[in-house]
Amino acid sequence: MPLRLPLILVSCFGLFMLLQFFWQATFLDQAYGEVLDWVQIIYLFTLWVGAVHLIKLHLKKSQQKKKEAFYSWVTLAGIFSMLGFGLIGGKEQGSLFSWIFDNVQVPLQATMFSLLAFFVASAAYRGFRARSREALVLLLVAGLVMLGRVPIGNLISEWIPDLANWILNFPSMAARRGILIGIGLGSVATALRIIFGVERTYLGR
Amino acid sequence: MDLSTTVAAILTLFIFSFLYRDNPFYKFAEHLLVGVSVGYFLVISIDNVLIPKLSEPLLKRQDWPVLVPLVAGALILTRLVPGWSNWSQVSLALVIGVGAGVAIPATLQAQILTQMKASMFSLEAPPGSSAALYLFERSVILLGLTSVLAYFFFSKEHKGWLGSYSKLGTYFLMIFFGATFGYTVMSRLSLLIGRVQFLLGDWIGLLN
Amino acid sequence: MNRQLIYILILAAITVPLFLPLGLKHRVTPEVERFYQTIDVLPAGSIVLVSFDFEASTVAETRPLAYAVLRHLFSNNVSVVSLSTLAEGTGLGYNFLSEITEELGKKYGEDYIFLGFRPQYQATILGLGEGFSKVFPKDYLGNELSSLPLAERVKNYDQINLIISIADGDLPQYWVDYAQTRYKKPVLAAVTAVMATSYYPYLASGQFSGLVGGLKGAAEYEVLLGKPGLGFKGMESQSLGHLMIIILIIIGNLTFLSQKKRI
């Protein structure tokens, strides 16, 4: 695969989408709409690469004579049962597909992330140390915001939620704005580099 | 305590068992989650995207331009075939090019120009507000914004006035990270509260 | 302190208030008030685009947010066109819509429609500006859009009064970047707490007309609606949980300081 073809495509499509923002014409609008449509469909296939790769991986692992092979069977059973129930039985409320989503997937996913609360508490005790002035500022602001954002803060003092609100709307917001502008400048520079073929890491080169 | 809620509760407890230590129940639940999630995504993508956008236009309406994304999508799948994976770069180039092209005006306008405009202020306070407080708050924003930008400016060594100014930016960043940490704790605890409410309320029925 | 003890302390701090409510009062913040007012001033018959941009992992926060926002919209006789840019948000969003519309007696196809899932947020958000039926020839249930009375009223963003993103990630920012920049649509964001601090610049610049963050934001919204719900119920547990974290940080730092002195 010669390098030139993907780079030409990146430049053509990138410049077209950029120019289309400023230049209005019926034929351009139609082409623009078609390209957006194509991108949605192609992007879906990129997500499928991950799914197919996972299925291949677990199919390989399930053939191995190890204790872990059982778990690969569990994963594969999950994938194929959802595929079967969803495509054959439908996805409406009351279907088996919908039941598995509501009573297996959502609770599992929600609980997996709720474990983070315990880890945050453990990290707060073990790792959150005011070793420097900067860390002390971070710690004090964190404590103030934590108290200010719950009703108990107002119970301790009316100043706490007011101060927390002020911090969020002024100094914290200012810092985040600086980060946003920095990210924005970096994104625009990277996008231009991609369009002009300078940045090629997305091609694996 | 119906069957559906009991199944959900048991799986919840399987995940929580990890807090003691890694065990077969947790591993089972983890692998089940991965499988069911991938299966769910595949069904939704086929039923909700592929069929109405690809197969119906092609097979029912003979909408031939749809062959372009179909072929491009098939090229993406060559990533899975050793020796053919370079062909996926053609489709990737299309997606990346489009993404880069649309991102430039959007980012310039929304993230840079509008934010810069919002940081500029008149020295005259709006009617009904305290002039001193107004000026102080706007100065804090300007100081915070410029000092954080100075911190991220690496083309010049952080020495002298730039060094001191970027140090001020560090403190503003610490304020932002502190606020973010506070909110992150809030978010994580909310997730746990949700699960506890489910177990004690929906499953066991102890809460009204 | 043993980590299992820390886990038990956090669990206790969260669980006790569920049985022994403290009766704490809520203060409504200006950003939530702005969010509420932006919806409240919409005339009956307005059409709002609601995007469920979240995954199942944050359902504990996004469910109260979605319930409060959807209740407000439907109570004010605003029509809702909804979609999702994430696969899991599709199933959850549809469930939330169904529950609230059943509660308030709203009819599918006339008062609300659910378009379903589309990947690649840039193409989706920009594509909707060109034509809803181009991006979604059919809705989530497989109906042709032309067969739905509400869909007939909506061609593109010109017929949409407001965009609301209920999210646990960056999507509200992209609705501003693409829908607002190009098509000048007002955007509201109801986000999980972890994302809230990142969006204050958008609120300050007016790019967001309002911002509701986390379970606390949902609780404040419920106070404004006069209908305490999931958000309200969780806040007392949240309060004690936060206090416990602060106590753990203080104990941890005192232990660290005392060890430092000994050395």
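Which chain is which? They are A, B and C, in the order written, and residues in each are numbered from 1.
Just so it is clear, contacts are C-beta pairs under 8 Å (C-beta built on N, C-alpha and C of every residue); 3 or more make two chains touch, one makes a residue touch a chain.
In this text the structure is predicted, and so the values were computed from the model without any measurement.
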Just grab the chain with the largest centre-to-centre distance to chain A, centres being mean Cα coordinates.
-> C
If you tally contacting C-beta pairs, which pair wins, A-B or A-C?
-> A-B
Between chain B and chain C, the Cα-mean centres are separated in Å by 14
For chain A and chain B, what's the span in angstrom between their mean Cα positions?
-> 4
So, in whole Å, the Cα centroid of chain A is separated from that of chain C by 16
Going by the touch rule set out above, which residues of chain A reach two or more other chains?
-> 21, 36-37, 39-40, 43-44, 47, 91, 101-102, 105-106, 109-110, 112-114, 117-118, 120, 124, 139, 142-143, 146, 149-150, 168, 172-173, 176-177, 180
In chain C, what residues contact two or more other chains?
-> 7, 10-11, 14, 57-60, 88, 91, 118-120, 122-123, 126, 182, 193, 197-198, 201, 204, 214, 216, 238, 241-242, 245
Chain B residues touching 2+ other chains are 19, 37, 40-41, 44-45, 49, 53, 95, 98-99, 102-103, 105, 107, 111, 115, 118, 141, 176, 179-180, 183-186, 188-189, 191-192, 194-195
Counting only contacts in the complex, chain C reaches chain A at residues 1, 3, 6-7, 9-11, 14, 22, 24-27, 29-30, 55-60, 88, 91-92, 94-95, 98, 118-120, 122-124, 126-127, 130-131, 134-135, 141, 182, 193, 197-198, 200-201, 203-204, 214, 216, 235-236, 238-246, 248-249, 251-253, 256
Spell out the residues on chain A that touch chain B in their complex, using ranges where they run on.
-> 1, 5-7, 9-18, 20-22, 34-49, 51-56, 71-72, 74-83, 86-87, 91, 97, 99-118, 120, 124, 134-135, 137-146, 149-150, 167-168, 170-185, 187-188, 190-192, 194-195, 202-204
In their shared complex, chain C is touched by residues of chain A numbered 21, 29, 32-33, 36-37, 39-40, 43-44, 47, 91-93, 98, 101-102, 105-106, 109-110, 112-114, 117-118, 120-122, 124-130, 139, 142-143, 146-147, 149-152, 154-155, 161, 165, 168-169, 172-173, 176-177, 180
Contacting residues of chain B [partner chain A, same complex] = 4-5, 7-9, 11-12, 15-16, 18-19, 27-47, 49-50, 53-54, 65, 68-70, 72-74, 76-77, 79-80, 86-87, 89-105, 107-108, 111-112, 115-116, 118-119, 137, 140-149, 151-152, 169-186, 188-189, 191-192, 194-195, 198
Which part of chain B faces chain C closely enough to touch in the complex?
-> 19-20, 37, 40-41, 44-45, 48-49, 52-53, 56-57, 95, 98-99, 102-103, 105-107, 109-111, 114-115, 117-118, 141, 176, 179-180, 183-197, 200-201, 206-207
